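Next come two complexes, and both contain chain A; in the first it sits with chain B, in the second with chain C.
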Partner chain A sequence: MSSGRGGRGRRPGVAALLPGLPQLLRGQRLAGFSLMALGLSMLAVLAFGFDRVLATFTAGRVDRWIALLTLVAALVAAWWLSAVWAGGRRADAVGGASGWAIAWREFKKNRPAVLGLYLMVALYLVTLLAPYLTSYDPTEIVDDILSVRHLGPSPDHLMGTDKYGRDVYTRILYGARISLSIGFIAVAISITLGTLVGAVSGYFGGVVDTVLMRFVDTLISFPRLVLLITVIALFEQPSILIVVTVLGLTLWPSTARIVRSEVLSLREREFIEAARALGLGSPRIILRHIIPNVLGPVIVAATLGLGNIILIEAGLSFLGLSVRPPTPSWGVIINDGREFLLEAWWVSTFPGLAIVFTVVAFNLIGDGLRDALDPRLRM
Partner chain B sequence: MSAPVLQVNDLRTYFHTADGPVRAVDGVSFSLERGATLGIVGESGCGKSITCLSILRLIDRPGRVEPGSSIRLGDWELLELSEAEMRGVRGNEISMIFQEPMTSLNPVWTIGDQIVEAVRLHRGFGRAAARRRAAEMLGLVGIPKPAARLDDYPHEFSGGMRQRAMIAMALACDPDVLLADEPTTALDVTIQAEILDLLAELQNRLGMAIVFVSHDLGVIAQIADRVIVMYAGQIVEQGATARLFARPRHPYTEGLLRSIPRVTGKVSRLTTIPGGVPSARRWPAGCRFHPRCPYAWERCRAAAPALLGTDRASRCWLEEEPLRRHESGEAAR
Partner chain C sequence: MTAYIVRRLLQAIPLVLGILTLVFIIMQAAPGDPLAIYMQPGVSPEVLEQMRENYGLDQPVHVQYVRWLKTFLSGDFGVSVTQNRPIASILADRIPNTLLLSGTSLLLIFAIGIGLGIIQAVRQHSGLDHALTLGALFIYSMPSFWLGLMLILIFAYKVHFVEWWPEVLKFPASGMDSVNYDMLGTWGRFTDRLHHLVLPSIALGVSSAASVARYMRSSMLEVIRQDYIRTARAKGLPERSVILKHALKNALLPIITLLGLYLPFLFSGAVLVEVVFAWPGVGRMIYDAVSQRDYPTVMATTFVFAVMVVIANLIADILYAAVDPRIRYEGGRRE
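For the complex of A and B:
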């Protein structure tokens, strides 16, 4: 992106006023609305939660500092990007377009996918900014439980309170941290492992392929939930770290299969032969020439897997096999409300909706990416 | 005559499948001097490409270069090098360019990335020096504004430009030998001529030897000093280009030359060689060409001729009984 073109401060007055406005004036609706929404929502957080933001300096808790950092970074980004892009962003670059630029152009056309992307960004912002979005504590139980337990949704408690009088809205906010980071790390582990195994298996073929793929078949043939329960039950106290690792280590086989089948066709392409004729070694060919070319399907698998893992984690915590109860995770909250579904429907319903929205968001993004990264669009 | 840079002796590449060995290349020998161009012609499946890949030792299992074969590059016996040493030869001493310029470049990296990779690997250049070298090479192969085009992706190049980029990549480390496996087949005729001129010019300037594989006799006639005609995994005829094309000795070469459509002269049915290339799993007994040969007689069915002659040679019993050519020639007509 050339920031030099056209001068970056062509309309400094307008850009300084409201982020996204210069883009909207020039008809770049997506960029304009995004920047404006980002800027305004951050301002709103600052305005409505000003005392909470101030409390950061006295509370001395790490997550509050992270929240502050996120807030400042998001504010700066909204204004700065607005000013930079106002200069001379090429509307639609023709020359110098890499495969990724083309993919982004395709992705933007897909409205549901863009909506999913918004939802995902919002989710991660909410996760990071949680302390500024609520004044309650997610785990603290007040002494006078009976007066606050199972209160219905009200302006004081947007999503009501649970059987210990804890604010459900607050617990969902903090639970998002657990659910999203478990999803993220587990996907990272399974994707890395799956891609490597799949690429090695597909590239070398022969005995290597047979051994690795029979191992993958064996892993896939176990019912997933039973496997997870068995492995997690081996540990007396399943910590988040253990749950994440186990999830990551049990979910890689499907990625390995996708990658392997891609590599099988890729291996026959002439540029791999050409790379060998240039004297490149196998590790280098796999890392530099094979893996970048299978990244498309891998990214799609990762996005779809993220939603899947959040679901599995919720299921595990519902069964009491994931994080321990005082710590909020969406599955734990649903489990808390299970016994009181008729008297206090809100306890289980709202975390359930959170899971639905998150999974739908990731699936929309995954579908969008699948279309955008379709290799037939390349060349 | 200088010492040969590349000397291939009795090269045999077999694929050991479950149904027995497939003798794809069966006893090919040739040598190549610095700055010379050797053309290899033949139908699809006659072992041309396998010969090239064997020289680079890029034959995958179940294929194997059989013991007893020899490929000498200068003073090195390539078949005795370790895999790591061989990687130092590929792209550095011997390079190869391929038929499909559309697919021989990795679509996710820029042209520059791909040339730089080869240069850094073999020459140990730094990033900046390798980039300069890459730009220099792109300029050398006739791409305008080379420094700017380094950052283009393959899909932004046309077919001819991609083949030029491939040539730049192959020559970036100044190899002694360039193996060109049908490099012009996928290009249209005008681009084909440009690439041939470019190769000839680069050869003048850089002095590498070229092995030029093609099924197109016209292209071979234009670029090669010497020609090898391959059939069924063997050399059936060899000789200096002009003489070989003017007076083919092997019936197969004769057939090939007759099958070229002519623009001048009266329009008639295209001449073809009857039959198809036999399966490499089971070559015909005796002379491998005899089932399709218009002159074949008892001797051809019974015994396989050796490559008769030295500099100018033909694998045909007609070398020993030239009179038969006229007799059966009449009969065939």
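For the complex of A and C:
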């Protein structure tokens, strides 16, 4: 307990200079590096895009205000955390660490997983800060298309321009919003649903279990994309909301299966028996005693599912069944570049790379979480 | 063994019924009147009413359901609105093409996956092992349709600008056969088809291959640790035969179950890859039907896809029972 407090360094001057520096000086490389990277990158955004940041006050658009908020929050967080942690509050020897604390310590040791976490944080920051990272508009088409269409990658247009002369880099930045938010919400829906169905099915057993699991079997028999295409085709104009809901409502069965098999063994355990003996009702037992104990596998499934859903959404928008074309989504941009693949390879190539890196990030985190949360599953 | 097969077949029946019911429900939710195409100025309301009666569309839902089940199960999927052909005959043309593509992919997946998995397991923690693991992670995270486009860009377009590139390795960008396919001999047709298969089957299969390699690696590592392998080594067998003869057999067992797992995934990918490569399969059929709002075709295709998955799962289970006698005595279903 005292090792952390004993090392309390009173170096307010250093801490104020650079976030993460006090941590680095004390050998806390992970914390120090993270804070420094965060602080410096935010400063870089501020420095290189200062006029764009100023434009926030005149543009009057919500996403720019959100970006400003993110920028300020990230800057404050970097310095504040650096100062607070420098105070030696991060004592390592916490007596009787909880399961989550142990898992976090395990996760931190896994370098690929931490890399994935960095990638993910960077992605979300980029998504929120998009207006400050580019001076172009993602959907605006300039009048003089011929002079700007299909320009190759250059310092002006980092990833070239597409057939309407729009900056591909800008479109990918804004497309990240669509892909990440659709993925996040759809996973939230499908994980919640899958956990509930799986827990109910496993806990009650009998007829309930049979009926629910037959339904799950049926849903799983459809190739995912085929089922999604069929259901989305029912709507005249697939909007983001519809796509998210359909994704969430069709992808839960695999989670339900995982949760069910966990619950089957959990329900025979003594503490559940004790809860039942105390006369607790089934909803309370499921929500308070069963579900908290299956959260580990569920979180792993959610993280891996996030990467999967981003791939599926990209496929759907590639087929023109997700967001409508002027809105940039990674799949839409790839499809835009398809007809001019030879003349302008950059239009299709870069959004694909963005997808690969995003999915890699989530897969790395998912694998790391699996190792951290359930050592039995270590491959 | 026969008893096991019969039991698995019986289990598949409610599944197919469930699939049919779900398709029916989705179909009922489809917008528009099924007779909408006949609603033209030249068709009188009385005729429409008569047709409604003939098709049984005036009956209550459950009667329609039973009736629809009967026709659907007899293989009558109705007529494609846009192609004006029985859907069953279009499907008969398209299904073999999809099976050819997915089958080739499947071969590729297991050949590459198992091969790499063995190499990684034998050289565990070597530089090669780490490099392959990292590569597999990236390949596993790639969207198949994008990979397809990149393959077309490089191996169908860009290679034509490289002088020394061998002609055989310049692949066609789309389609299933060349223009002069009908004039070729048997061998010519075979190689032409193979040439067209290369890029799409790689695009479709490579991500699953990466994942098979991962499973194979851990399965192999598990087996290598066992006592009988140590015995085989102790009695002086060459390492090669220990790995390829003794270890491989048991390491392959869990891999067979993956077969059933990857097929739905493969068919999902087939939709995208068939669109990218203009491959005339079922996946492209459903895509075309969706863009033309041809609902009867969409439903029939969805049904066919689901049934293909069920059949594939059956085959995988039976295959597994054939190679691993333990499974047959378990009685219940395998999870």
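The rule is simple: the second predicted complex is superposed on the first by the 361 of 379 C-alpha atoms of A that agree within 3 Å, B and C clash if a C-alpha of one lies under 4 Å from a C-alpha of the other, contacts with A are read in each partner's own complex, and residues count from 1 in each chain.
Just so we're on the same page, a residue touches a chain if its C-beta (ideal position, glycine included) is under 8 Å from a C-beta of that chain, and two chains touch if they have at least 3 such contacts.
Owing to the predicted nature of the structure, the values given are computational and were not obtained by experimental measurement.
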Fit-or-clash call for chain B and chain C when the two complexes are aligned on chain A: fit
Touching partner for A:114 - first (chain B), second (chain C), both, neither: neither
A:220 touches, of chain B and chain C: first, second, both or neither? second
Partner chain(s) touched by A:289 [first = chain B, second = chain C, both, neither]: first
Contacts of A:151 with chain B and chain C, given as first, second, both or neither: neither
Chain B versus chain C as contact partner of A:261, first or second or both or neither: second
Contact breadth on chain A, by residue count: chain C or chain B: C
Once both complexes are placed on the shared chain, angle at chain A toward chain B and chain C, C-alpha, multiple of 10 degrees: 90
Touched partner set for A:206, first chain B, second chain C, both or neither: first
Touched partner set for A:231, first chain B, second chain C, both or neither: second
Chain B versus chain C as contact partner of A:275, first or second or both or neither: first
Least Cα gap, in Å, left between chain B and chain C after the two complexes are fitted on chain A: 16
Set of chain A residues, in rising order, touched by both chain B and chain C: 379
Chain A-touching residues of chain C, taken from the complex the two chains share: 14-15, 18-19, 21-22, 26, 29-31, 137-138, 140-147, 149-150, 152-153, 157, 214, 217-218, 264-269, 271-272, 275-276, 286-287, 290-291, 293, 295, 298-299, 301-302, 305-306, 309-310, 313, 335
Chain A residues within the chain C interface of the complex: 214-215, 217-227, 229-231, 233-236, 257, 261, 307, 311-312, 314-315, 318-321, 331, 334, 337-338, 341-342, 345, 348-349, 351-352, 355-356, 359-360, 363-364, 379
In the complex, chain B residues that touch chain A: 56, 58, 61, 87-92, 95-96, 98-100, 102-110, 117-118, 121-122, 151-153, 155-156, 166, 169-170, 179
Residues of chain A that touch chain B when the two form their complex: 95-99, 206, 269-271, 273-281, 288-289, 292-293, 295, 378-379
